[in-house]
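For reference, chains read A, B and C in written order, and residue numbers begin at 1 within each chain.
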Amino acid sequence: MVHKLWLFLALIFCLSGCWDQEEVSKRALVLAMGLDQAAEGKIKVSLQIPIVEELLIVPSGAAVSAKPFALVSAEGSSAFATVPGLNAKTQTSLFFGQIQTVFINTELARKGLTGPTDFLRRHPTVPPQAFLLLTERPAHEMLEVRLISKRIPSYSTVTFFHSNNKKDQVFPQRIWEFNRNIRSQTQDAFIPLIEYDTKEETFIIKGLGVFDGDRLAGILSGEETRMVGLLTGKTRNAYLSIPTERFGRITFRKVTAAPRTKIEHNGHQLLFRFHVNAQGFLVESTRGITRFTPEDLEWIQTKTALYLNREIKKAVQRLQALNSDILALGEKYRAHYPRKWDPANWKLLYSEAKIEVSVKFTVTRSGTML
Amino acid sequence: MNVRSKKSNELNIIQSVIQEAGNPADLRILPFGRELSVYLIYLNSLIPLEKYQDLIGHLPLDRPDREQSRLPMRHETFQADLGITEAVAKLLAGHLLIVKPGTSGIAALDVQGWLKRQPEEPQTERLIRGPREGFVESLDDNIGMIRRWIQDPNLKVEEIVLGRRTKTRVAVLYLDDVAQPRLATEVLRRLKAIHIDGVLESGYIEQLISDRRTSIFPLTQATERSDKAASAILEGRVVILVDKSPSSVIVPVTINEMYQTPEDYYFNFWIGSFLRLIRLLGNNLAVVLPGLYVALVAYHPELLPTQLALSIAGTSSRVPLPLIAEVLLLEIMVEVFREAGLRLPGAVGQTLGVVAGIVLGLSAVQAGLISPSTLAVVSITAIASFTGPNYSVDISWRLLKFIMLIAAAILGLYGIVLSGIAILVHAADLNSFGVSYLAPWAPLQWRTLKDGPFRAPFWARLYRPETWRPQDELRSGGTKKEDEH
Amino acid sequence: MNQEKTAIGPWLFWSLITIICFGFGYINTNTYNVETMGANGYWAIPLAAVCTVPGLIAVYFLMKRFPNHNVIQQGTLIMGNFFGRTAGIIYLLFLLVYFIVFTTDVDILVHSYLLDSTPFYILCAIDLIITVYLSTRGIETISRIASFVILPLVTIVFLLFSFIIPEIRIDRLMPIFDFRFNFKSVGGPSILHIFYPMGLWALITPYCHGIHQKIPRMTLLAFLVLICLFLVDSIVTIGIYGHTYISQLPYPSIETFRTVEISYIFIEQAGLFGVIVLLASTIISSGFSLYAISLGMSQVLGLWDYKRFVWILTPLIFITNIHLAHPGFIKSLSHLFAKHGWMVIWGYPILLSILAFIFKKKGKTTHGS
């Protein structure tokens, strides 16, 4: 009798209907998404959907279509409110589980991103590891650009973040990190700014968009971004080029830094002390010096340290001016002064804080020449 | 009594034997001896008498009666003074009956003259390194093979006869000072409780003494290898040999034993451990891979790498069948080909395997019937399923694969988890002669785990597996103290 | 007959209590920890362990005094038939409701993350079928399953966490020794909830005869393993999200797993596999809980056996599951139980042990322990 009962229950199991089953070939895989500000306060969402048959490698070598993906767009009062409109434009149901990148237009970012990005953290299939990118062009245009190296643009952008050698200028911000940072009182978010070069048909990382809360506060230039990267210690292969009187322009590769940050509170003002131990491989001297003496290297190191000192300070002051704390100094302040920490007061203290930078630079290698 | 009446007495005995035996067509009666006064009665199908003419000439035909003999009956090859019924039973078992003048009884000589196969390596248990000896259909020869491995007076050989009509001899072997006493007692008790018409193969015994007869998992271990059987006896387990069957039955058994081969111990422990891990991986892959494939492609494509997802989407967009139907169809076809391949002669079977695997598979892909990714998954599953060394466990895993596949088709990854747990629950509920089927994982037996997924080196294997609760726990029988003296 | 004893061995005991605590605890532990202790939420783990010890000592004391009886039977022996049964029924009803709340929470998790199109009642039914199947097999099978699963589970969880360690920011975990307990606000004693399932041991003490001497050692080992697991979970979750953001997440540990990315192997979102592993521990915990509650019910009412009660309770649990399935409501119920559950789970054995000591009550020892 008991066995019959189990069988009956097992049949219920089998008759359950497979509601969630939908094969990958029956889904419209969204590889990239674009968020733009549309008229009348609406949001325009664009989706890049690959045409999977066009992506197949044909053994006979026959020519394939030039555009292996489709772009669908719709406008709505909120980001996810556009989905019914987008679904109506595709023959199969939209699937967000393979999103690689989300392009966000700077105009939308300036208005605040808590609303437009909320569905990215709530939707269970959106991968939390997808990358966010800012663009000054309309995001939907970025989704349909032509690239010389890849047939699908979103592949190309993802490669930026996976390549070790690009980590000095591209600091990835994933969806889960972004969502945490825009809601955090101790740290602000940042998103790399990407542009498209029409002539060379390639993407360019132009800088770093920094946020104050959930609003885009400003864009750091490439050099400023590099300095911020040294301060975070995440740089693995930065390039540095400084003009010198003695040796022409000196260029370093594989520049890394081990920063130490201290915050001091003297009662009414904060002092940020940055101590950076940087090092790099000397790779170029435009004067073509064949042999550097120890004194030469010492001179180069001091010069580079001074340069870095100046540039780092400029970068931090720029961040202060934009009221953007992407270095998570708020977190450090809370950790060291928990009794004094007040989220309401933090940004004021931050913008008025003094900065002290000390840099020590070491030339680790000089390549195959001495 | 005069000569004439003595002669008619012998003829009466012969007539009684013929009648009792049912007058079979292969019955032969041969007058023997100088005066042709001794009659030999035998079954021509069981005894090629020409081989034994010299032996018969040296028979102790005038040996004393049984009452004067002090030898135990069961150990006697030559038994004298048997009644008609006993004599006919011996005749049917392949003995040579001797009716000699001046006696009312019949003598029987155990000659074992039927056709026997030479020991050869078992087809399903091939090894790269190891003896090429497998059991044969003769019980005595098989016992002899075990005796050549274990020359210990504590090796007990108990024999019983099962099968009302087949009268099959079954032997139970164990080490008296190692195996748990109650284990051997229980094995014999279960064997004696069998009331059956005939026992044709050890598989009958396996199913009839199994703790849970409805379970998909085998609760006894079958092997044709004599070294494996000997190894089991040395660990404290019991081996059952069945006459006319080359498969021995080893009890108790755990799931851990199903992944071990003698080869693990003939190579060094690095190689042994590596081979064992490969087997575990292969078997688990064979069970889980089709279900995992269906779950990922149909329910959770977000878990697939993007390039792979696009590739699968592209290739399967042209396939008319739903994914689950495609996978089920292919899996069933693989099973059909496997079964067909077993029945065909060697060379044809190999050719068929190639034709089925390569030609048919590729043709089906090109025709758009199936997608290449599905074909790849099913092929890997089919090959991986051969990594298990135990055929009965392999078949069980093949059935479980279908269960997990259907569960994955219904509920995706969650279905795999639920079905996996249900299977585990069933396995955890099993005992084999009082031993947990999931030992040494459940209950955790740390010492025996050294012989689980890895094979510890011999210098680290001082103790027998505690799973079988052996009486003599130390393997070597000695410690450093003995070496020092 | 070479048969297993109808009892559990020391390692089975250890596996069982480790798995059920982990299964019950991982879902909500970080939420309660940061609510009570902020950025120092990881300290809640050892603190909860210390606070659990008196309750465990009480259960152990009762087990030594009444080796053949569990807490339900001990109640009737100590407090008399009427008060003992009444207290036992209240105790079991509390456990039953806690179990229902927990299983509904898990079903909502599965519905949200894995199978959002499948009707909720189907998920509840199928989950319940497997739980019922496990619980009807008995304590030996349940403990064997726990023993089989524990080592791979611990390994996978530690491995997955190791992939997320580079994302930790130490500042989010600091200051390390700034203890500001927030017991008056929403959190409070809810930090103790991760070790509540250990209290279910009180219902199976008769099966622990033969291992009484080893229980303190095994319990300590279980504590060590659980503290390591939860501590790593807590440190990693707070280290990557910060304590203020965690309170916005319904399942912080699950979200932590989802951030795991191992680009160079076949599976990209490895975190979802961590979720599957955690769900396996949840099912085992549910199976054991249902078994223990049914066993207690059959004893307190003096009717039938635990298997019948499993079947009797199943439709009740199913109907309650589908009617409680509102995420916010379940979370607040869960919080309520976490905050006040210690009074019943540990309070009852402590009360019984005090009464047994005062009134010098003792049980018979019919077989050696």
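The rule is simple: a contact is a pair of C-beta atoms (placed from the backbone, for glycine too) under 8 Å apart; a residue touches a chain by one contact, two chains touch by 3 or more.
Keep in mind that this is a model prediction, so the values were computed, not measured.
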What chain sits nearest the middle when you go by CA atom centres?
-> C
Any idea which two chains share the most contacting C-beta pairs?
-> B-C
Here the gap between chain A and chain C, centre to centre from mean Cα coordinates and rounded to Å, is 40
Whole-Å gap separating chain B and chain C, where each centre is the average of the chain's CA atoms | 44
Averaged over CA atoms, how far is the centre of chain A from the centre of chain B? Could you give it in whole Å?
-> 63
Would you pick out the residues of chain C that each touch at least 2 other chains?
-> 114-115, 118, 126, 133, 268-269
Residue numbers in chain A touching 2 or more other chains?
-> 13, 16, 20, 127
For chain B, residues that touch 2 or more chains besides their own | 299-300, 302, 304, 306, 411-412
Once bound in the complex, which stretches of chain C touch chain A?
-> 39, 112-119, 122, 125-126, 129, 133, 169, 171-172, 174-175, 178, 240-242, 244-245, 248, 255, 258-259, 261, 263, 268-269
In the complex with chain C, residue positions of chain B that touch it = 180, 182-183, 186, 252, 299-300, 302-306, 308, 411-414, 416-418, 420-422, 424-425, 428-429, 431, 433-436, 438, 441-446, 469
Considering the complex alone, what residue numbers of chain B touch chain A?
-> 297-302, 304, 306, 309-319, 322-324, 406, 409-412
Seen from chain C, its contact residues with chain B in the complex are 1-4, 8-9, 11-12, 15, 110, 114-115, 118, 126-127, 130, 133-134, 137, 141, 143-149, 151, 266-269, 272-273, 276, 279-280, 283-284
Report the residues of chain A in contact with chain C in the complex, numbered from low to high.
-> 6, 9-10, 12-13, 16-17, 19-20, 124, 127-129, 162, 174, 176, 180, 183-187, 328, 331-332, 334-336, 338
